[in-house]
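Written out below as structure tokens is the structure these notes cover.
Just so it is clear, A, B, C and D label the chains in written order, and each chain counts residues from 1 on its own.
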Amino acid sequence: MRRTREYSWENPETSAATLGRTSGLSFLRDMMTGRIPGPPISAALGFTLVEVESGRAVFTMKPGEEHYNPIGSVHGGVFATLLDSAAGCAVHSALPAQTGYTSLDLNVKFIRPITIDTGEIYAVGTILNQGRRTVLAQAQLFSAEQKLLAHATSSCMIFPVPAHQISASR
Amino acid sequence: MRRTREYSWENPETSAATLGRTSGLSFLRDMMTGRIPGPPISAALGFTLVEVESGRAVFTMKPGEEHYNPIGSVHGGVFATLLDSAAGCAVHSALPAQTGYTSLDLNVKFIRPITIDTGEIYAVGTILNQGRRTVLAQAQLFSAEQKLLAHATSSCMIFPVPAHQISASR
Amino acid sequence: MRRTREYSWENPETSAATLGRTSGLSFLRDMMTGRIPGPPISAALGFTLVEVESGRAVFTMKPGEEHYNPIGSVHGGVFATLLDSAAGCAVHSALPAQTGYTSLDLNVKFIRPITIDTGEIYAVGTILNQGRRTVLAQAQLFSAEQKLLAHATSSCMIFPVPAHQISASR
Amino acid sequence: MRRTREYSWENPETSAATLGRTSGLSFLRDMMTGRIPGPPISAALGFTLVEVESGRAVFTMKPGEEHYNPIGSVHGGVFATLLDSAAGCAVHSALPAQTGYTSLDLNVKFIRPITIDTGEIYAVGTILNQGRRTVLAQAQLFSAEQKLLAHATSSCMIFPVPAHQISASR
């Protein structure tokens, strides 16, 4: 039996063009409330930013059959996508205006398999250390019963986004 | 302007039910040629297994807007999905029948951003060391011009799948 | 001007021979109080186990010139040694008798350089998740002022140590 | 039975003061031939740089009882020290004059235990990718029979060392 899923998204240039104009926290709040369109990948995999404060971001997702690997459970890449989002947005949420970031790495530890029966899952990203040039973030993936499903760390490099570049990218 | 994408997949229980019946290489070849349905996640993100031999697996994907993060390039989770698939299938391809595996971790190093302009990308997974209980795999993500876009290592644990369990999972 | 340092240690077979006879916590407490000789590496680099409870271990070290790399600060391997000790002993401290462990990996993030001026440093290991076959531990390296100097995670595999093997290793 | 070991080293400021004056390759060759004193940590643990070319460095060590952990084999920190040295020096060896580097992380995978019976071991560091701001290196630890004992990756950040700072550090 064949299953089908359809999803849609907005032009990602719209959100990218506002980057660096405001603080990261303001950018992410505008995304959460829908003023800035969410990223296409969120629509593709069906996950949502549900909480953000400076240095902390939380995403949720309801695992579905469409996330499955060939061996009968949610693909490790879906774990990684949620963890990378949570870690990256935790870093982003603490950045002032005119500052960008890029992830250097993502170290994922898979702890428990996820299936449809797991129910809604939560990825919580926090900052472990904020340096001048790099920020170390952590992300943890939990089930609704607070079971730890996966753990990740990610180092991000931060850099100034010159004002003229922000204008140029409009 | 709103964009839409639709995809479809087969019941993943079909492929999972054949797991362990044959060697990993046979399983992956059957998947590549379509005898066993591909995993839903491949359809969701649009990537394909194109080469497999014992200890080596290659996936390709054409980056699209649907893979984008909010900051204007392909989300790190998509890198991780391809790398995890390549590393995991390299491990799987070297397993005899009645043997399963599970990924313990995935360490991704992001080297270059990916955009639609990057064109088709390749994830090549190989085995660095095959132990009795764990296998260490590596995966590298390349552009068509052989630029290294990302690098990953992954440790997998291997374990026997008892015959009665294979029958039970039919 | 040439500097010299001398250190001494006990035969490490003495401690290894008691492994698995008692719980990990009992083993580590006996080591801390000197009933079981400390490991040679502790003497070689000058670090000490100062606290241990189930799932947590703390080591201290006073950085000296003998720990330096060629570029004027403490070598990354010394960070790793303390972090590996703290993570590994946190895991060990939670093991019952007749159970052994082995570290599968160590992921170190270097946050701040350490020099002689840093003064005494502390490596605190804790357990993030205890599974049946693997345990995920974390270790953090702090200065006396609680500045985070480095962060690590480590996955350990645990396994039964059969009674006859314990006797044999006497 | 108590064992004792003595080692000695030169003031590490001597080597640090020459940093950035020449290319990294020239610096490391001078260290290998003894024109610049080796780092104290090499003396403390007894390992030696034996090969260096641009983008590649090899260290050797003969495992001894002084490297042992409490559970009867070489401590993971010793693995990490050799791997960090090999990866870091591979990066260093490819740097022009007036350029410095710092390691951001070290991800070690432990593959086989090392004991005195292993005999001399080799850590081979190479560069996987050289970027403008970061370099990704790999290091592998081998026995004399070319068995892979451990594997590591390390990301290093590179930065200009201003000429006045080089003079100042004399």
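The definition used in the following text is that contacts are C-beta pairs under 8 Å (C-beta built on N, C-alpha and C of every residue); 3 or more make two chains touch, one makes a residue touch a chain.
None of these values were measured; they are calculated from a predicted model.
S.K.: Chains shared as neighbours by chain A and chain B?
M.R.: Expected: C, D.
S.K.: Is the C-beta contact count larger for A-C or for C-D?
M.R.: By number of C-beta pairs in contact, C-D is the larger.
S.K.: Taking each chain's centre as its mean C-alpha position, how far apart are chain A and chain C in Å?
M.R.: Spacing between the chain centres: roughly 34 Å.
S.K.: Between chain C and chain D, what's the gap in Å when you average each chain's C-alpha atoms?
M.R.: From the centre of chain C to the centre of chain D is 21 Å.
S.K.: Residue numbers in chain A touching 2 or more other chains?
M.R.: Expected reply: 104-105, 107, 109, 155.
S.K.: What residues of chain D sit close enough to touch chain C in their complex?
M.R.: 1-13, 15-16, 19, 27, 31, 36, 38-41, 43-45, 65-72, 75-78, 80-82, 84-85, 88, 100, 102-110, 113
S.K.: Quick one: which bits of chain D touch chain B in the complex? Just the residue numbers, please.
M.R.: Touch residues, chain D against chain B: 107, 109, 111, 128-129, 131, 136, 148, 151, 153, 155.
S.K.: Please give the residue numbers of chain C that touch chain B in the complex, ascending.
M.R.: Result: residues 104-105, 107, 133-134, 155, 157 of chain C touch chain B.
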